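Quick heads-up: structures coming right below.
Look at the two complexes coming up: chain A is in both, with chain B in one and chain C in the other.
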Partner chain A sequence: MYLLYSLILIVIIILVGYIGAGILGWYTLFSIIAPYFALGVFIVGFIYRIVLWARSPVPFHIPTVCGQQHSLPWIRSDTTESPHTAWGVVSRMALEVLLFRSLFRNDRAEFRQPQRLLYGGNRWLWLGAMVFHWSLLVILLRHLRFFVEPVPGCITFLQYIDGFFQWPLPSFYVTDILIVAALLYLFCRRLFNPQVRHISLLSDYFALLLIGGIAVTGILMRHFYKVDLMEVKRFFLGILSFNPVVPEGIGTIFYIHLFLVSVLLAYFPFSKLMHLGGVFLSPTRNLMNNSRMVRHVNPWDYPVKVHTYEEYEDEFRAAMKEVGLPVEKNE
Partner chain B sequence: MFDKGKVIAGIVIFFVILLIPFWYNAVTGKAGYAPELKPGTDAKECVEKTSFMKEKHTELLTKWKEAVVRNGEREYRASNGKTYVMSLTGTCMGCHTNKEQFCDRCHNYTNVKPYCWDCHNVPKVVKK
Partner chain C sequence: MAEEKLKKPEEMFEVSLTPGTGDWMEPSAGFRKGTYCYGAPLKHQKYLDLPNQREWQPSNEDWKLPPDWKETILEGMERLIKRHRSFRLFLDICVRCGACADKCHFFIGSGDPKNMPVLRAELLRSVYRRYFTPEGRLFGKYAGARDLTEDVLKEWFYYFFQCTECRRCSVYCPYGIDTCEITMMGRELLNLVGCNIQWVVEPASNCFRTGNHLGVPPHAFQETLGFALDELKDLTGIAIEAPINRKGAEILFVAPSADYFANPHWFTFLGYLMLFHEIGLDYTWSTYASEGGNFGLFHSMELAKRLNAKIYAEAKRLKVKWVLGGECGHMWRTLHQYMDTFNGPADFLEEPRSPVTGTRFENAQSTKMVHITEFTADLLYHNKLRLDKSRNDQWKITFHDSCNPARGMGLLEEPRYIIRQTCNHFYEMPENTIRERTFCCGSGAGLGADENIEMRLRGGLPRANAVKYVKERHGVNMLACICAIDKAALPPLLEYWVPDVGVCGVHELLGNALVMEGERERTTNLRGEPLAAGDGEGDVR
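Now for the complex of A and B:
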C-alpha cells in the first residue's frame, strides 16, 4: 500500500512538472520560484533540525562500541572501535561516515530446517549503501560544471574518469549506472525481503523513488532528450548570482529534473534523509568510551534535596529513644 | 544547546561547502557570465534548425562519422531537402571557420571535451 502511495506521489510530481512547465509554460514558477523556495526551506529546515537535536540533553553515557575499553595499561584497548580520546572518536566517526562501518557489521540470523538458528554476515546492504552514496557524491560534484565558472580542473578530471569508457557519444558515466543499480537493489530489498518490507513506510519508498526519478530524468536528459546545455548553464549562473533570467528554449525534461530536485530539497529536512546531519549527532557514535576515566554528568541533573539517615536520626532521636528504637549515636 | 561551538562550526562548514556555487562565481568574478558566440558566417540557416543544432549537433556528427567511415556515404539529405557533404572540417568549418570563437566557447563553458580533434586537424583561420 505504502509503495503504491509513494508511486502515485512521484507520478503526480512528475506530471506537475510536465504539465506546469511543458504544457502551460509556467517557466518562472518552475525554474526560479520553486528552486529558490526549496533551497530556502532546505537551509532553514536543516538548521532547525540540527539545533533541535543539539538542544536535547544526553543523560546517559551511551557509546555503543565493540572493542576493548581503555582501562589498565597492560590491557590492549581498541582506540578506534572503542575510543577514549577525541582523535579516536574522529577516526571512528570518519570510518562510520565515509565507509559505513556499522553497516559492514550487519549480521543476519535465520532459522533453517531442522530448527537451527544460523548467523551469518550480510554485507549486501553495506555494498548497496556504499555504491549509492559514493556515486551520489561523484554525481553532485560533476554537476558543478553547470554551476561554477571557470570549472576547476579536479571536476574535469572526475568527469574524465567517470566517463572513462567514451561510449556512446556523449559517453555514459559509470556512476550513473552504479547509482541506478544501487537504488534498484535498495528498492528490491524493501520489496522482496519480508522483514524489511514489514517495517517499510511511505517515506522509505518515497525517498528511494524520488532519488531514482532524479537519476533517471538526468540520464534521459543526457542521452535521449537532449537540452541546450549552454542555456542551462547561463540560467544557473544567473540564478546563482541572484539575477535570475527565465531560460529560453530548454526542453521540458530539464524542468521535470529541476522540479524533482526542488521537491527533494524541500522534503529533505522533514525526512529520514536528515541522517546526513544526524549521523554526526548520534550519541552512540560520537561519545568517547571513557566511563572509567571521566564521570558523565547528566546535563539535566539539578541539585537533589537529600535527607540522610544521620539527619533523620538527629531530628527524631528523642522520640526514637522514647519508644526504645536503637540509635547509632547516643549523646 | 549543548556543544554549541562544535555544532555551529559543523553547520557553517556544511553550508560553506554546499553553497560553493553561490560564492565561487563571485570570487572568480564570473557571476552570471555567458560567453559570446561568433558563428563566423552570415548564413541564416545551418544544416538543420538552430535549436536542433544546439541540442543535437553531437548526435548529427556521430551519425555523419559512422556514415562516412563505416558505410562510405558522404551525402547528407537534410530535413529541408538540401544535400550536404558530410564533413566536419569541410562543411561545418567551412562556415564556422573559427574553432576558438565558436566550438570552444560553449564547450569550455559547459566543460565538454569533445575528442573530434584527436583525429581531425583544425583548419587554419583565414584572416579576412
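Now for the complex of A and C:
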C-alpha cells in the first residue's frame, strides 16, 4: 500500500514538472523559484537539524564497544573498535562513514532442521549500500562541472575515469549503471525481503523512488533526450551568482530532472536522509572507550534522594552490634 | 508450575522469522502467560517513592493510570529528547535497513516482528513523529506516526520488558542506534505513570534499604560469609579470614549479592575468598554496599544513581584507597560507563595499584574501580599464583561473553586469559556468537523472573544453540561466564536446550586450580565433586 502511494507521489511530481514546464511553460517557477526555494529549505533545515542534535547534551558515556579494551599493557587492545584515543575514534568513524564497517559485520540467522540455528554471511546489503552511496558521491562530484568555471582538473579526471569505457557516444558513466543497479537492489530488497517489507514506511519507498527518478531522468537526458549542456551550465552559473536567467531551448526532461532534485532537497531535512549528518553524532560510535579513565560530566545532573549509611545503621545497629560488626554510633 | 505447561524444545524451536502481512502500527500486546512479568508490588513502589502507587497487574484490563497520563508521558518524552542526544538522534535517523532485525535473541527465539530492534524503536518513534515532528502532525499514519493510546502504552510495556538491553543490535547498526537506550527511555516513560515490573522494583527497593537486591541484612551477610569460610576450611584445611566493614583497609571489594546467596555463584564467591587470602590482600567487604549490581539501571537513570551512590559513599566512610569489583554484567555497565558520572568525582580515592604486582590500573584512574578479572589476570601474568590446572580437567570449558562486560567495556581477553591459565580444555563458541557479537542469556535487564519463563527460554535459544554446537563438536560440559544474571539464568536455560552442560564463574575455576600455602591435598573441587583421575601434581607451576 505504502509502495503504491509513494509511486503515485512520484508520478505526480513528475507530471507537475512535465505539465508545468513542458506544457504550460512556467519556466521561471520551475527553473528559478523552485530550485532557490528548495535550496533554501535544504540549507536552513540541514543546519537546523544538525545544530539541534549537536546541542543536545550527551549525559552519559555510552560507546558501544566492539573490541578489546585498553587495560593491561600486555593485552593488545583494539584501538579502532574500542578506541581509547582521539585518533582511534577518528579511525572508527572513518571506517564507519567511508566503508560502512558495521554493515560489513552483517550476517543472517536461519533455522535449519534438525534444530539448528545457523548464521550465514550476508554482505549484500553492505555491497548495495556501498555501491549506491559511492556512486552517488561520484555523480554529485561529476555534476560540479556544471557549477564551477573553470572546471577543476580533478573533476575532469573523475569524469574521465567514470566514462572510461567510451562507448556508446556520449560514453555512459559506470556510476550511472551502478547507482541504478544498487537502487534496484535496495528497492527489491525492501519489497521482497519479508522482514524489511514489514518495517518499511511510505517514506522508505518514497526516498528510493525519488532518487531513482532523478537518476533515470539524468540518464535519459544524457543518452536519449539530449539537452544543450552549455545552456545548462550558463543557467547554473547564473543561479549561483544570484543572477538567474531563464534558460532557453532546454528540453522538458531537464525541468523534470531539476524539479525532482528540488523536491529531494526540500524533503531532505525532514526525512531519514538526515542520517548523512546524524551518523557523525552518534554517541555509541564517536566516544572513546575511556569511561573509567576520564570522568564524563552530565550537564543536567541533579541531586537525588539516597539512603545514607547513617539511616542504614540506624535500622540495623542493634543487630550489627549483637554479631560484633563495627558501628559508627555506639549508643 | 509454569514449567509443566512449557512446550518441548522441539516445538519451541519451530520459529518462523518471516513476519505476517499485518500492519505493525496496530497495537498488539499479547500478555500471554509465560511472556510477560508481573507488576511491581505496592509496598516497594512506596518504599522508593515511585509515581502512581497502586496494586496492579499487566494482565488487568484497567491499568489504573492517572487521568492525565497522556500529558505526563508526552511531557516526559519531550524532557528525555532534550536531555539525551542519543534519544533524539536515534528517533530521527533510522533508515529501516533491517540489518538489526535478526540480531535480537528475542526475535530469533520468538519470531515476533515487534522484537526486531527496529520495530521496538518504531513503537516509540511512531509516537514521537505524531507529537514532535511536522510531517507526523500533518500526515499521521502516512508519515509513520500514530496516536498515543492506552493500547500503545500497553504495547510499550510488553515490548520494553521483552528487551534485555544487551546492545547486540547496536553493534550491527550502521549508525550505532542502541536499542538499549530506546528501551531505557521507554521504561523511563512507563515509570512516570507507575508501570514497572516486580523483578526490577523489588530488588531495587531491597537494595535501597539493605544494600543488596536480596534484602540480606548485615548480620545475615556476616553469617553467610561465615558459612563460606567454614566450607573453605573443610576443603583446604586453612582458616581464612574475611573482614567486614573494616575501616582503613586498602581495598573495598564489592560483588553482586547473588554471589553470596545463589548457586552456582557461590563457588565463585569461594574463589574470591581463596584468592584474597592467598595473596594476603588488605581488603574489606561492606554490608552497606553489599551489592555491585544495580537494578535501578533497569528502571531509570535516577534510581540507578540512587543505588549506585552507596559504593563511593562506603569507600569514603571506610577510607579505602580504591575499589575492586566482582563478576557481574550490568553491574559493570554501571560501574564502567555511569558511576563516575553519577556519583563522582572519586577524588578521595587513589589510582588503583595492585599491592602484589605493583601494576597501576591506568584504565581505571578516574573511576578508581577495577574489575576482578583485570586484577587476577595481572596476578597470573606476573606468576604470583601457584596453579594446578588438572583440578579442572573434568570440564571441557567454553566461555560466554556477558553482554555488558563485552559491549559496554570491551573486557574480552582478561577472563579468557584466566581460563587458559587455570584449565586445560577450553573451546570457543562460533565467532558470530562471542565477544562483541555475544548473545544474551535472555534474562538480563530485570527479566529473570519465573512468570516469563517461556520468553526467557526463547531469548536464550541463540546462546544455547551455540553451546550445543561446541558440546557436540568438542564435548563441552561447562560454560564459564562473568555475570551473576548469567549464572542464575543459564543453568535452567541449558537444562532445557542443551542438557548436561553446567555453568560456573571464572573465579570458581581459579579457586579450583589455586594451590594455596599450607592447604591439605584436595580430593574434590569447590562443588564437592571428586577430582578427575590423575596424579594431580603433574602441572603445578
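Criterion: the second predicted complex is superposed on the first by the 302 of 331 C-alpha atoms of A that agree within 3 Å, B and C clash if a C-alpha of one lies under 4 Å from a C-alpha of the other, contacts with A are read in each partner's own complex, and residues count from 1 in each chain.
Keep in mind that, in the parts below, a contact is a pair of C-beta atoms (placed from the backbone, for glycine too) under 8 Å apart; a residue touches a chain by one contact, two chains touch by 3 or more.
Quick caveat: nothing in here was measured; it's all calculated off a predicted structure.
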Checklist entry - Between chain B and chain C, positioned on chain A by superposition, is the outcome a clash or a fit? => result fit
Checklist entry - Draw lines from the C-alpha centre of chain A to the C-alpha centres of chain B and chain C: what angle do they form, to the nearest 10°? => result 160
Next on the checklist: After the superposition on A, what does A:58 contact: first (chain B), second (chain C), both or neither?
Outcome noted: both
Next on the checklist: One more residue to check, A:275. First (chain B), second (chain C), both or neither?
Outcome noted: second
Next on the checklist: Is A:66 touching anything from chain B or chain C once the two structures are fitted on A? First, second, both or neither.
Outcome noted: second
Next on the checklist: Quick check for you: in the superposed arrangement, does A:160 touch first (chain B), second (chain C), both or neither?
Outcome noted: first
Next on the checklist: Once chain A of both complexes is superposed, is A:200 in touch with chain B (first), chain C (second), both, or neither?
Outcome noted: second
Next on the checklist: After superposing on the shared chain, does chain C or chain B touch more chain A residues?
Outcome noted: C
Next on the checklist: A:222 in the overlay: touching chain B, chain C, both, or neither? Say first, second, both or neither.
Outcome noted: neither
Checklist outcome for this item: Once both structures are superposed, the least CA distance from chain B to chain C in Å comes to 9
Next on the checklist: Per the definitions at the top, what is the overlap between the chain A residues touching chain B and those touching chain C?
Outcome noted: 54, 56-58, 281
Checklist entry - Across the complex, what residues on chain A touch chain B? => result 43, 46-47, 50-51, 54-58, 144-151, 155-156, 159-160, 166, 168-170, 226-234, 236-238, 240-241, 243, 249, 251, 277, 280-281, 299
Item to check | Touching residues (chain side chain A, partner chain C) in the complex | outcome: 2, 5, 49, 52-54, 56-72, 74-78, 81-82, 84, 96, 100, 102-103, 105-111, 115-117, 119, 125, 129, 193-196, 198-204, 270, 272, 274-275, 278-279, 281-285, 289-298, 300-301, 304-309, 312-313, 315-316, 319-320, 322-323, 325-326, 328
Checklist entry - In their shared complex, at which residues does chain C touch chain A? => result 9-10, 13, 15, 17-19, 24, 49, 81-86, 88-89, 92-99, 101-103, 108, 113, 116, 118-119, 122, 133-135, 142-144, 167, 170-178, 181, 208-211, 217-219, 222-223, 244-247, 287-288, 301-302, 305-306, 309-310, 313-314, 317, 335-338, 340-342, 344-345, 359, 361-367, 369, 374, 377-378, 381, 406-414, 417, 430, 432-433, 435-437, 461-462, 465
Next on the checklist: Considering only the defined contacts, which chain B positions touch chain A in the complex?
Outcome noted: 1-4, 7, 10-11, 14-15, 20-22, 24-26, 28, 30-34, 51, 54-56, 58-59, 62, 106, 108-113, 115
